[in-house]
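Common to both upcoming complexes is chain A, partnered first by chain B, then by chain C.
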Partner chain A sequence: MDLIPGIDITAGALAAQKTRLDIVAQNIANAQTTRTPAGGPYQREQVNFETELLNRTDGANSLLQSVKVSSITTDKTPGQTIYDPSHPDAGPDGTVKMPNVNLAYEMVDLITASRAYEANLSFAKDARELAMKTLEIGK
Partner chain B sequence: MSPIDSISSALNTLAAPPTQGPTKLPAGLSDGLSAPSAPVDGFSRLLDGLVSSVSGKEAQADAITSQVLLGDSSQLHQSVIAMQEASTSLSLMVAVRNKLVESYQELMRMQA
Partner chain C sequence: MVDPILQADSYQLAKKLMDSSALRQQAIAANIANAETPGYHRVDVSSDFALQLKSTYETGGVAAATKSSLQPVLAEDKDARAVTPDGNNVGVERELLAMNRNSVEYGFEAEVVSQNIKQLKIAITGMPS
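And then the complex of A and B:
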């Protein structure tokens, strides 16, 4: 039963944007990480979205598409190399490979993701208000 | 003869639109009011269905919320949406019940 219009779609979008926020947090948190289990410095990650057909039973609306995270890809761009011989991860030439995280990009991503989340939240709020207004027909 | 019996015969003539299939609506109304546990056709079955759907939604919202609180899930929005759906279906049930009581009272006023 879908009482509140479009709420399933918004729920998918909220989950997807939340994943994006998580990844932005991960990128910012690892902006100085020079060691990873895979070896080498941390590589920033990106979230990619894809549409998702909703499994609905009511015929007319069965083609509604929500969104989900299709993949989380790693940005392969090489990061900065700095000279710091005292660093434990420094190579024989005294240079350290730093992560390719650019805080300016991450802040832009953070703002976009949180605004997108807010947009979906205001849809959810509006949809709920519509459902409540519909119930007022009977009053 | 109880007042409900007397209006149920009035209902038999009034509230039976031809498209309504098995027209047990008046019986359901009076049975629902005198013996709420008896599952019969009509309003009482409708209310029964609504109540169980509302309680199902509330149980679902409870389950999701406790998952979030216990840290098993981080889908905070799912919990709030589930609670909202439960509250909307409760409002729907209340709206149906209000309509039902309103029409009952309207019929009761006929004899005044």
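And then the complex of A and C:
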């Protein structure tokens, strides 16, 4: 067991939430991207979380699980199609396929990810205080 | 000769409870980490640990209560209700409040252990702290 209880679990969570924040940032940045190397407009991506059993020396507590990003999947639902013949990526009928990024949804996801990150950070701070209290026994 | 001080009821029980609090801290870490994982159920130290500890202490005294076969274990919390449609039943606010409470309990138990050890120091050196 670590000196700071639960810190390895929290480390996994912080990494997972950070990956989620990165993907949200990518989605927001590409909200207007109509051309990608693969052809077609940008399709938003989302992260999927999964529990992760940590490799620990005291195998007694297999119920303690951390979290990891199991996959980053592309959302295939098509975005809006707008009519704009002057657009460089307009098709033969003058329509442009836009990315399927909904900014309102991305902002809510951003807030949720930040809140989860803060909750894990506040836990790490508290766990550290516990460890300091342990070190003060007998002083 | 130092055994009687280290055999004090409060010292032994506080040590046992500290194990339980440290385990609970890890359980809360896992719950907060998995607050959005689909299908995750919150875990906690099984509630019979406190009850068992209390009943063995009342019947058998501290020697029975602190024998090493009585250990805190983790179990899925049966009383938590599902919060989201995907089956995850972790409430972050509840976990953070449990964490706060657990910190105070741990601090108290550490203080009890610490005071018992300090008594030993006083006995040896004859001077407080």
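Of note:
Everything that follows uses one rule, which is that the second predicted complex is superposed on the first by the 134 of 139 C-alpha atoms of A that agree within 3 Å, B and C clash if a C-alpha of one lies under 4 Å from a C-alpha of the other, contacts with A are read in each partner's own complex, and residues count from 1 in each chain.
To be clear about the criterion, contacts are C-beta pairs under 8 Å (C-beta built on N, C-alpha and C of every residue); 3 or more make two chains touch, one makes a residue touch a chain.
In this text the structure is predicted, and so the values were computed from the model without any measurement.
After superposition onto chain A, the partners chain B and chain C occupy separate space and fit alongside each other.
Using the contact criterion defined above for the overlaid structures, shared-chain residue A:33 touches neither chain B nor chain C, since it reaches no partner.
Using the contact criterion defined above for the overlaid structures, shared-chain residue A:49 touches chain C, although it does not reach chain B.
Of the two partner chains, chain C is the only one that A:126 touches; chain B does not reach it. In the overlay built on the shared chain, the residue A:102 is in contact with neither chain B nor chain C.
In the superposition on chain A, A:3 makes contact with chain B only, not with chain C.
When the two complexes are superposed, the chain touching more residues of chain A, out of chain B and chain C, is C.
In the superposed pair of complexes, A:114 makes contact with neither chain B nor chain C.
Once the two complexes are laid over each other on the shared chain, residue contacts for A:138 go to chain B and to chain C alike. Angle at chain A (Cα centre) between the Cα centres of chain B and chain C in the superposed arrangement: 40°, in steps of 10.
Of the two partner chains placed by superposition, only chain C is touched by A:63; chain B is not. By the touch criterion stated above, A:18 is placed in contact with chain B alone, chain C being left untouched.
Here's the short version: in the overlay, chain B gets within 5 Å of chain C at its closest Cα pair. In the superposition on chain A, the residues of chain A touched by chain B in one structure and by chain C in the other are 1, 7, 10, 138-139.
Residue ranges of chain A in contact with chain B, taken from their complex: 1, 3-4, 7, 10-11, 14-15, 18, 121, 124, 128, 131-132, 135, 138-139. Touching chain A in their complex are the following residues of chain B: 53, 74-75, 77-78, 81, 84-85, 88-89, 91-92, 95, 98-99. Those residues of chain C whose C-beta lies close enough to touch chain A in the complex are 22-23, 25-30, 32-38, 40, 43, 73-76, 92, 95-96, 99-100, 103, 106-107, 110, 113-114, 117-118, 121.
Interface residues of chain A, counted against chain C in their complex, comprise 1, 5-7, 9-10, 12-13, 16, 49-51, 60-61, 63-67, 112, 115-116, 119-120, 122-123, 126-127, 129-130, 133-134, 136-139.
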